[in-house]
Amino acid sequence: MNTLRAKEIKQIFNALADLMSEKKEWLIELDGIMGDGDLGLTMSTGFIKASEGLKDFEEQDVGKLFAKAGMIFAQSVPSTMGTLMATGLMKGGKAIQGKQEVYLSDMAQMLNEFVEGIMARGKAKPGDKTIIDSLYPAVQALKSAAEEQKSLKEGLTLAYQAAVQGVEETKNMISKHGRAAYYQEKSLGKQDPGATVGMLFIKAFTDYVAV
Amino acid sequence: MRKLINDPANFVDEMLQGLYAAHPEKLKYVNDDLRCVVSAKTKKGKVGLATGGGSGHLPLFLGYVGEGMLDGCSVGGVFQSPSANQMLEVTKAIDSGAGVLYIYGNYGGDVMNFDMAAEMADLEGIRVEQVVAGEDVASAPKGKEDKRRGVAGIFYVYKIAGAYADEMASLDEVKRVAEKVCANVRTMGVALSPCTIPEVGKPSFVIKEGEMEIGMGIHGEPGIRKSELKPADSVVDEMLQPILEDLPFEKGDEVSVLINGLGATPREELYVLYRRVNQILKEKNIKIFHPYIGEFATSMEMAGASITLLRLDDELKRLLAKPANTPFFVQEQLEVR
Amino acid sequence: MRKLINDPANFVDEMLQGLYAAHPEKLKYVNDDLRCVVSAKTKKGKVGLATGGGSGHLPLFLGYVGEGMLDGCSVGGVFQSPSANQMLEVTKAIDSGAGVLYIYGNYGGDVMNFDMAAEMADLEGIRVEQVVAGEDVASAPKGKEDKRRGVAGIFYVYKIAGAYADEMASLDEVKRVAEKVCANVRTMGVALSPCTIPEVGKPSFVIKEGEMEIGMGIHGEPGIRKSELKPADSVVDEMLQPILEDLPFEKGDEVSVLINGLGATPREELYVLYRRVNQILKEKNIKIFHPYIGEFATSMEMAGASITLLRLDDELKRLLAKPANTPFFVQEQLEVR
Amino acid sequence: MNTLRAKEIKQIFNALADLMSEKKEWLIELDGIMGDGDLGLTMSTGFIKASEGLKDFEEQDVGKLFAKAGMIFAQSVPSTMGTLMATGLMKGGKAIQGKQEVYLSDMAQMLNEFVEGIMARGKAKPGDKTIIDSLYPAVQALKSAAEEQKSLKEGLTLAYQAAVQGVEETKNMISKHGRAAYYQEKSLGKQDPGATVGMLFIKAFTDYVAV
């Protein structure tokens, strides 16, 4: 499998719904340490609603599917991560609008706009201990893989490894945004919950393609 | 939990149902969504003022929708931002061609959603400007004002911008005045007890009996100092000094003072606090124009208080003095001397 | 104790110092005694309205001194009656020849002191009449109305008698209207937590977390039923039924509703209660004219609420709708339909 | 000693101040069961202020001394018992106004008006479990003793015995007034704190004369 079409994207959103539901308690726990602990709820709800919303959406344009999922997030989970996910999905979708089949290079472009959208919306940058710290390295990995003409599976695997690594590195960072920022130095040593969500997002794509 | 509620999941919507039942002549909702509150009274051609934010802070935020103040408010879950869509619906309902000003507190979720709503409104051809209130001096040091949380001081932004919009000032002018208020207002809080989010069912942080936390935020954000509970006068001293130094407020200034109860602190105690604030400002030759003492921005049943100072000039004073009439705040024209 | 106070022995006087500092254009004191509060605005020839009672209940009692409501208030220690002498001094200060009406709650100490003050005023040639408010249906059964405690419902007596006196009605006329309010008002309370008298330093009674006491008085007087805390709707049902049966309030009646927070209960919850009251009254075809929802008679930091119903006729409605302006209560003219 | 003059009355008020201070905790405890527990404070404060106020009061008229003590009570302790004590002292004083020397019959008259004043003020009657239940029998005893031409000492001793007995009987009564009335049947079995104060009031006179 070297491309993804509407049908596959919908299945990946189903997988995302399952994955976020499975990791719900863990995300609640991570966000509970220096946040309000809602992350597990918002992410499972958001992806469940998105996957349900896409099910009956007769649309072949993959870009529009991502954008639609973003709209659903915006309406159903207006938390920080919900809103950032909404923004990322809408911007990423817009970047590949018109395509019914996406290749690794499209995925790289989509995710690049996804992260750019999140950075514009939240005014955070790499190193600020946010979702960006798992997604940004993943995008870089995707881009290199695309340039090197790697397969979709290889590219996503590299992206996922970069994301996992990125999450790990958030432990050495001080939170600069959101509720955790109030804790300043105390945030050292803890893994960022939002970066964790970013990593899980990539994981669902990677796992799907790997099968 | 010592709460008079039904199913915690319905808390916000049932509160809103009570609100619309109580004030049908003042408030209504749009888009079939209880959480999109707009004023029942409209004024053609006026700049629309919108706010929004999480529930659990009454009178914030929706309590200031009404004559002489705000035109609309989107309402989130307890301590949660409303959605950009809800903000957009409110925006569409209150725009009468002169544009809409968003005034809200500096919290990540709210900022992003209002940004998104502004972009959506732009697509619909509605001109939107934004003013983000952040005046809690405990939440970030001087120089990092843009990181500060918005707390009770936003009341002054609503009041003054609302009065100006009511005079049919333009969007740019109302924004200018709202920003002037933000630049001249400073707050500091103290918490004596935690509060409980209904759906969580137990306090999300701990303050032991006989202790206090200076600088704690209205969602329990960590403050700057935990200690044993001191006498009211020294608590005021500890809170007022950083406020005065920050702007700074100086000899000869004229200010309005807001003593705000966080929820469980009786009015009697707020007056004990005001007594000390008044003493100190007198000593420093800072004149008080009109103090507000009561609950303006709460955190459900949290015990504690905040002190806000707004430095006035003739324009702000004139607008502060104008009448307002909302379900939670009524003021007759004040005498300006 | 989670209180922002200094020496508990100075609590009341420091609160009053804060009060006079905050509202110099509205309130002053006479006889060099902080506890003898009178309105700074006087109206020649008007019947004077005085109240009085213990501290710890703000806005009761002094909070309603001002335009369109009361002229003076004597202030006691926390939960203690003021002295007859203090009442007399207030009486002398507010009498402008048309006589003075005392309006106060039915508590032994207050009754005796007001009686004594009335005798003393008589010796000074001031005509005094008295109306004692007692509308807590939990405090004594039907038939023993004269034993009932006065609670939040006294707000309506102040508001309506105040509006009438403001129209220069005679002492007998104002008394008649005040008595009419008393005859038509009923209240029931529920407590979810105790409160602490500063000088005592610990709660004088116990309500465990997760429990409630229906009918408890604002000084912790025993109620009619202790039980586990139920959902808000069933609490309202339990409170409203005895109120409705007592007068009784019937199909076709028009009422004003007062949902009063006892101190630590957030406004959000009061609106959840109102939602249910509104449902029930609608079902029963009882019309609501203008609800009041907030803190009108508190018990310091007690959690809980009371529900008051006032049956209106044209006269009471007209007077209730008139404007008022006191430090704790501002109302613009209401539309009467 | 068969009469009391200004000097003796002042000494009795000193004794009352001492007695109420000595019994302070006990009265607090009694009032704490079904009241607000202030009775020990109000009675010790009231009688200390009254005895201080009388000290420099150059007045030979015994009636005026009692009235003055009542005025002091009215100003300094506006609690139920403070107000009743004020009323009783003023009314009792008025009844013997003009006398510089009081006999047992005057004492009976004074205390009769004292109790009548309290009953008028508080609208309670014997049997309602109040201060009246110790004072009223004491007055009856004083009256009979005066009719029977007993000595001041004998008369007061009989009055005191009646008061003690009266306090005992309040245990079988249900409170009808004040804060305790809210407890209704639960007040059975408990001795009334106000009646206790009435008994102590008589005791100070009796002890003084007995020496």
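For clarity, chains are labelled A, B, C and D in written order, and residue numbers in each chain start from 1.
We adopt the following convention: contacts are C-beta pairs under 8 Å (C-beta built on N, C-alpha and C of every residue); 3 or more make two chains touch, one makes a residue touch a chain.
The structure presented is a predicted model; accordingly, all values stated were derived computationally and were not measured.
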Touching both subunit C and subunit D (chains): none
Chain centre separation in whole Å, for subunit C relative to subunit B (CA means): 29
For subunit A paired with subunit B, centre-to-centre distance based on mean C-alpha positions, whole Å: 34
Centre-of-Cα separation between subunit D and subunit A, whole angstrom: 83
Centre-of-Cα separation between subunit D and subunit B, whole angstrom: 57
Per-residue multi-chain contacts in subunit C, two or more chains: none
Per-residue overlap in subunit A, given as positions that touch at least 2 other chains: none
Graph class of chain-chain contacts, one of line, ring, star, complete, other: line
All pairs of touching chains, each written as two labels joined by a dash: A-B, B-C, C-D
Complex interface listing, subunit C residues touching subunit D: 76, 79-86, 108-109, 112-113, 115-116, 139, 147, 200, 204, 217, 219, 221-222
Complex contacts: residues of subunit A adjacent to subunit B: 36-38, 74-76, 78-80, 83-84, 86-87, 121-122, 177-179, 181-183
Residues on subunit B engaged by subunit C in the complex (per definition of touch): 1-7, 11-12, 14-19, 21-22, 25, 55-56, 58-59, 63, 190, 192-193, 209-210, 229, 231-233, 235, 263-275, 278, 291, 293-295, 298, 300-301, 303-305, 325, 328, 330-332, 335
